[in-house]
């Protein structure tokens, strides 16, 4: 029995609230249950130094957490003067995941920065960030399309979404919330495209090592969950048109 | 004529949404028009070193802005490795303002940190932070009162709220939004208590120096605005009981 | 009775020692009693990035304190690796105050940095820094005038000086020294021009909030004090010619 | 055909040179072809604050690269003032991997820090670090066993080793060197125990997303490679006795 | 012919102005010509962690330069967020030099920090800092002696002073000023005690390497100069009694 | 009797292993007994800003120590976020020493960075770094000569090597190892050229000040030791051709 009483293969209630920010070219407040992440996509007419005169653009991500997004207040990273290893790991993952479905050539020499700021955390912030960040990115590209800067359909090759799975009390379950996450023996994050291709897999044994068989069960759960998430992304984006 | 078509002494629509955060002991999403600040109050059973064994507690504030809270994306302070002078100035002001109505002795040896994070900015973020931070603080104290940790009525001696005023196109106006703020000749922030006492005044001539007479007009406007804000704080807090 | 036995409206002995530094284009060691601040104005033929090709120059200020300028040794900011919020707040104030009387267009694309380093502190270092920084700036402009780089009279539109006032043991007093400052109920800094215009007002209730009436008494005291300081600036600068 | 002419399932020549350092309690210079990593295990009689009085110890890892370990000189992290996201990601992975086979209770309240410093890099530094770090850790525990501080057999529950695999020119291959790594479509790191349990999986599509089938082929290759590495660890450690 | 027209073995006019600071336990403004360094000695009733419960005290030094102490304005170290290698090298040298004549056991578990802040620079700031820092330290110990905290005569075993020499246009000269220093082929700093013992020698060939013979000539000059400096220290300190 | 049983004027076994690194243009693993330093010379086609368009090149050095190069593990400088004063002092010394024998004009507008990383420490790391760094630099220049970029014989004007001496138990001895270094009364580092010119002298009294006579004995020992080191450099470099 899961603490939230969900079925083993049941996502938390997910919502994708577009145009949350007045200023950003694209934005989405994504909610996976009590995990709320504000994703904004910001367009800049410049690229990192190593891409100058390459004709290619760049998509990058940054991640942050409000100090009291969590049960205990965490020290503000701006005050401590550096981003934690965890923060850097997550923002690298989000950036890689989004770039996996972007044609940087078709984007042209511009940078889109997707900021993912956790307003409230209850496990799964990085997978929510990828899933919602995709919507913000899509909206930013639509905004550019309306201004004839790019052809959004060429830049964005597919959907990308992410979900965590884990082995909780011996059972493979989908979309861990914080109480499950902190007790799980194994915790894995999956990033997949709309076409079902795998972009990133990260599986970690917190306690006992896991077997190939267990891992494949998590992968199956993830596939199902990501399928649902991609459907919600589609709905949210179509609603926008 | 103000860009927002407001009367010279008219506040923007203000809302104080309590219990916005699931984790914090007190929280309030405050909106002054398009300026949205999430304020959380976090209780910790420790005090800064210089207060140990003093029997007194501490109330402090931190301030941050999401990178795309503004029209152009700003660099994330956690990434640049330090808080700007502006950030530090604001968080010092918010802390001082809240402490002005707190009896630190009655609080006992505990610290409450009020985090004010700007989700979206359109001028007046620091005054919104003080006004909303007060509500978060009051809720945190109510939470403590329910647990018989303190007598909230003794700790919180009065209300405190804040508003900006300025001279825009030669006219004194109340509650500057960003288009006004960036064009104002003079810009002043006022922090006052429910009883009408002045806690803090900060007036700055952006262009031509201002006269005593002009300043007194701003002070009158501020008094009116703060009166209204204190009324809204009262309403929000009573609604909670 | 004030600890220094001064009358309530009496400044400390003030001196403005010009040409203190052999290297700087302008310099002034300003003394307000035991508060000694060395102000140097340094000319550089470059402007901040956002002013390039604007035809406008910039005046900025930096502030520092020698570690043992105070009763207890403070940690050296260069050693701790960052400037405190207080330091940043003060240097922003000094820069704004000086710019209030400078025509940046007439200065041309150059930057003048006014460094204010506290050699010894006894309260009122920021107001001394503004008052002495003005003299250093005026001397730097005179130096430029002698080299036909600018017309100093066009660049420097007026005088600017600053003083603190406060309510000490219930009485409004002028020019707080450290013993008064640390005991004052209300502490306010005023920056005004030679023509009597107000450039900046910062008033803070350290304990009980203050009333409008009290505040106006402080403003009157400040006006008188700044009048005297501007007279001393005039004398010091004329003596130089 | 691989650039190194190795078979698709062939490891580079691997060596594990124990007792490389005169000072460390355990040390191993591990070579995977031209990738050379010096691993030292340092024992300290203290634990992180959150483990004090828990009766449990801690194993952690740090990772670094000499500036010219790579084809182009990289900036020294000590000079740039911070560790890159990549460095932090790797050292977190190495630490987690080693802890997966350690009984922290049996270790007692002590910390072992495994430093992995890349002397020369040619791809696969993180997997070499885990594989060699295990030997340094085992030697450190043997050192402690000789002094009757712990029972090494109880502390170290199993072997742990790691290897990278990838899809290079459409073919799954084992143990990527740098030329393969920089051209691979998919890159995955596997960490497994001597008993065959999976500790960590990290798979990333650099270009086209990969399929489940491809992923399982990489997992098979990894299992074979890690089997061989564990054999070499056994040999190296036995040789020591 | 030296730019300053001094004889080859002639010091610049040196003055040691004691009690320059109102707050510090000991202080001295030392002038070597146009090089002016403010030295303060601050007593603290604590020692670095590694000396706790050792019964021994510590003497340390810090060094700084005001931004416009030099011909061109230098960036403020507090603003750049770190002390330069040069600054650290100098403050280590000053600390070592002063400790060479202090009996740390006789000092007891206390720390004296000698801050050396360059108000104006014209070459030889580090040697001026040692020479003036000694006077500040002696005054601090006298202050402690008056309060029966230590026996100053036991703590301070001897005098210590320092001077630079160099080969300028082929000639060995004493006490380089900035124009000489920047043109010298060889530059050496000597620290010696009142009894003539050598505490520190630092000789550097800026251009052509130097010979042993040349070096011995510099050493002779230094001995003469330090003799004179020790005489001035004696005079300054006796004048104080 | 020295702890290592060496004669008072006997070097430790010294070896200079060239081409240690596969990537660097020049490299040398230098061993002075148990002190092992890896020196790499990296060529870059750029110079520091202040040398642009000067026609001159630059040679600089960086220094680091692996955390467990020493008896007790030291904190990693990359983790603590800054290089210690000692590190900076050493890398400045190594850079100055190497530049003393380089014709920067003949090098042309390029920079060679010599990284000296201490793999294992037993005293004398800075002198080993200079001695081995010279070999790496010579190899880098030979590499450039083979590509007709420079005439190595014109760029490298002479040899340079370094050694420490000290007064240990009252006796002047050559090439201090760690047990001697930590007990020595006086410790001096000498840098000399192949022609016998002195490039740098650094002598420090750790306890009692030393006399001129003692110092000259150390200088004699150093001359002998450096003579031997230069011979070994010659041999190593010739062996390479």
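As written, the chain order gives the labels A, B, C, D, E and F, with residue 1 at the start of each chain.
Simple rule for what comes next: contacts are C-beta pairs under 8 Å (C-beta built on N, C-alpha and C of every residue); 3 or more make two chains touch, one makes a residue touch a chain.
None of the values given here were measured: they were computed from a predicted structure.
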Minimum number of chain-to-chain touching steps separating chain A from chain D: 1
Chain located farthest away, centre of chain E as origin (C-alpha): A
From chain C, the most remote chain by mean C-alpha position: D
Centre-of-Cα separation between chain B and chain A, whole angstrom: 33
Chain B and chain F: spacing of chain centres that average the CA atoms, whole Å: 59
Interchain centroid distance [CA atoms averaged], chain E/chain F, Å: 28
Multi-chain contact residues (two or more partners), chain A: 81-82
Starting from chain A, with chain B taken as the next chain, the full ring order: A, B, C, E, F, D
Residues on chain E engaged by chain F in the complex (per definition of touch): 82, 84-86, 88-89, 91-92, 96, 100, 188, 192-193, 195, 197-205, 208-212, 215, 219
Partner chain A, residues of chain B touching it in the complex: 21-24, 27, 34, 38, 40, 42, 44, 62, 64, 66-71, 73, 76-79, 81-83, 87, 113, 115, 117, 119-120, 122
